[in-house]
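Single-structure report; data block below.
Going in written order, the chains are labelled A, B, C, D and E, and every chain counts its residues from 1.
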């Protein structure tokens, strides 16, 4: 029998879920905001959002380390204001997951909001519904297929995030050791049994998530 | 000039050797390549990576002629599976373990023993389970009976470069890396070089692979790395047998 | 009382609408296809913006040249769209209850319009005329300050149309709000409206 | 001045483009095929497609190495049939990029095909249009926003692919050294100037692609 | 000649349609809203599947109980949908040319239907009645073996409707194909059709 520490399982589940919720909400609202406007600079914003996708995750992690590290702009700010160090903490895992999965959510949501008939929204407005009510009851359900796709992609990506996490959060047993990190180190150290075990776990998680979402 | 003989060489039958080498050797090997190709009909192609990944690629049949590993374990694994020509195996160079801190750090330990858990918040080493440099670091700390004190301050990196980055950016106070890596960075200072007796010797073995189609040229190249000319280059980048 | 005095440039002509609808009046907007009827209603509802002019409802200015433009949801105007614009993901009942306060009234409407058996069906599961009646019910259900109806009875057979007419007239007596009714059917216009506005190529002839 | 070998630029451009084209076509047709059917096993297929997203790319590369290696099923097939070895070749770079970006395209396309009114397709059929014509002239343009999102995501992901590539294709100068690999090795050897240079290049590539696609 | 003999279960009643339309005949399908008219056309066109029975057009079996079911695109049936189903991403001209072989004929149709000034506009940029005329033109343009028209003139004013009627009759004389026309307007049914089928709650009374 394998001697397994289950901490990666809970950690991965927890961080992927939290990251997905954050990404889903932020991505959806930003996409809604920008979807039907076109202004100069929109493409620039979209390109920046997409950036973490074209860079190898390790490089993204490197960039985040520079930003959130002890000498980084945000890192110092957080340290000064809250005496809080992000690097090597559980929050670093979430930040890494959010950054890498955000582009997936944003792109999916953006497309989803472009793909339905605007007049349905107008009809709801004539019935006195507030912007928030229209969003919640009309735009959101009509865009749901695309939003769901973004949700699935984001969750999967957050669950599988490895390179940036390792860089920003380090590999600290019981604190930042997500399943992908456990897999990586098991493979690297030639412990194939352990690697297979975790691959199986993460695959089942992915499966469950998809089945549950469909 | 430089270009012409080379062009001629291409029309004559140039032998291409694929060399899978530990990534830490990158810069040294580039220089060795330039020297070597000048005087032979051989073109060297380096496939660089972590020793573990390189060994796995070879196990899966990657077309490689020469393997240079950063430790003996992976070479032994390939040896057991008869993937290397035993007679060609040679320890070509070695490395030292050093303790480093950021260049602006006010720590000035003279010995590894000086490390005190109270001075430091975090210390980074390679992951002992998968990275050779981490395994050596663990041996040192365990031999000095410091492991238990420091264990909860450890940040485990996936390779030397990550440890170096953490120290360079000031996110950890100290770390253990190879001397060759320490020399390549300007933002850190070497506090001390670890005594050899505290860990297994750090050896880089090389060998020709069973599957090579160019056994003669490959063997010649391994021999060349062991030669004095190549050793000088390696020494320049911090590698010593 | 509704006061409309707007101009709007359209691809093939300029639309000029200048008319008043009194509090208890039903006005029919009658004119050939493409003459600008829907555009007028869109401007009043706030879905399209007029090029110039002003729109005023019960002393509230909804739109004027000094760039005032009250958002759709604050206009308290019920609007039956020519293409219904039903919410495809909601059942008939949810469609009608969307802007509705009074469940009793909604149920009564459904019965009068003979669609009470369809409450649990979705818009893509009912017939064209049934859709139109759901749209009528949905518009009436909001109990608005002004009612805009864009060809509300065009997909109905004579019998159903007659009961729908009656229902509209009954509610109008009760609520006493201005109603604009777009129609192609002259008999319908005469039967339901107090006054007919004839429109052609964007010009209204009283 | 930096002494730069531009081979990674062309290689990255070429492989990302080819991989994106493959992924776009395959992903789109598979999504269309499955979009409006639901059958037992569909979720299983979708979960498998999503797999490369939940696994660290290195592990994906590892899996591919097992599949395409000398002892792997596909590797042996290709070797026997065409005397062709995939590992360490240019094709390995493409395979890695295709595998990791496929889930992004599939999910986006699948949502896109769910989000328009089917009756429009029926109208086209009544006019005698073949299935292929209806797809080309109706379904495709109506699903375009979502397909475009998938295209952008896939291209970005293919461009940024690193872990699986390194494992399956190795780092062979002028053959498999894409920009992400060049960045990685520049960082590894402490050559920060070079790393920054390539990051700049890849970011501009991403930017250009987005601007051009919008 | 079209032979229809089908049954289909609907939520509130069973639809039974058994009738023949001769080669040069226009048959009107007349009945209250929700009686099953659109469903019959959908079955003939192949968009919905009947529960049982058979459909035959000019000796070709389009549908029968032995599970034969010719795909929509091979039926050579033009169909004007009650909700038009115009292609939203194509201009009016492209919509009409979609199934069209003959550009000359398309131009003539546009002129007869008075929509030739709209060719470059998109469906969401034209009025309701204009959409309907585009849908008429698009259906006629395919030169089919059978023509199904679901309330083709409901959104048109009297003048436009009359010219559209004339155009339909003219083409029918030329082509001599069976036509089924769904309408709520009894005068229209009498004027255009050779025979009226009365339908109520799914049952046809000849």
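Please note the rule applied: contacts are C-beta pairs under 8 Å (C-beta built on N, C-alpha and C of every residue); 3 or more make two chains touch, one makes a residue touch a chain.
Keep in mind that this is a model prediction, so the values were computed, not measured.
Asks: Kindly list the shared contact partners of chain A and chain B, in label order.
Replies: Both chain A and chain B are touched by D, going by the contact rule given at the top.
Asks: Distance-wise, how many Å sit between the C-alpha centres of chain A and chain C, to the nearest whole number?
Replies: Result: the chain centres lie 46 Å from each other.
Asks: Using mean CA coordinates as chain centres, what's the gap between chain A and chain E in Å?
Replies: 51
Asks: Which integer distance in Å separates the CA centroid of chain B from that of chain D?
Replies: 33
Asks: At what distance in angstrom does the C-alpha mean of chain C lie from that of chain B?
Replies: Those two chain centres are 79 Å apart.
Asks: Residues of chain E that contact two or more other chains, please.
Replies: In chain E, 83 touch at least two other chains.
Asks: Hunt down the residues of chain A that sit against at least two other chains at once, touch-wise.
Replies: Within chain A, the residues that touch at least two other chains are 62, 184, 187.
Asks: Name the residues of chain B that each touch 2 or more other chains.
Replies: Those would be 53.
Asks: Strictly by the criterion at the top, what is the full list of touching chain pairs?
Replies: A-B, A-C, A-D, B-D, C-E, D-E
Asks: In their shared complex, at which residues does chain D touch chain E?
Replies: Those residues of chain D that touch chain E are 117, 119-120, 122-131, 134, 137-138, 141-142.
Asks: Would you tell me which residues of chain D are touching chain B in their complex?
Replies: The touching residues are 58, 62, 65-66, 69-72, 75, 85, 87-88, 166-167, 170-173, 175, 185, 187-190.
Asks: Going by the contact rule at the top, pick out the chain A residues touching chain D in the complex.
Replies: 43-44, 46-47, 50-51, 53-59, 62, 103-104, 107-108, 110-112, 114-116, 143, 145-146, 148-149, 152-153, 156-157, 159-160, 162-163, 180-181, 183-184, 187, 195, 199, 202-203, 205-207, 210-211, 214
Asks: Show me the residue ranges of chain B that touch chain D in the complex, using the header's touch definition.
Replies: 18, 20, 23, 26-27, 45-49, 53, 56-57, 59-63, 159, 161, 164, 181, 184-185
Asks: For chain B, which residues are in contact with chain A within the complex?
Replies: Result: residues 50, 52-53, 77, 122, 124, 127, 129-131, 154-158, 162, 165-166, 169-171 of chain B touch chain A.
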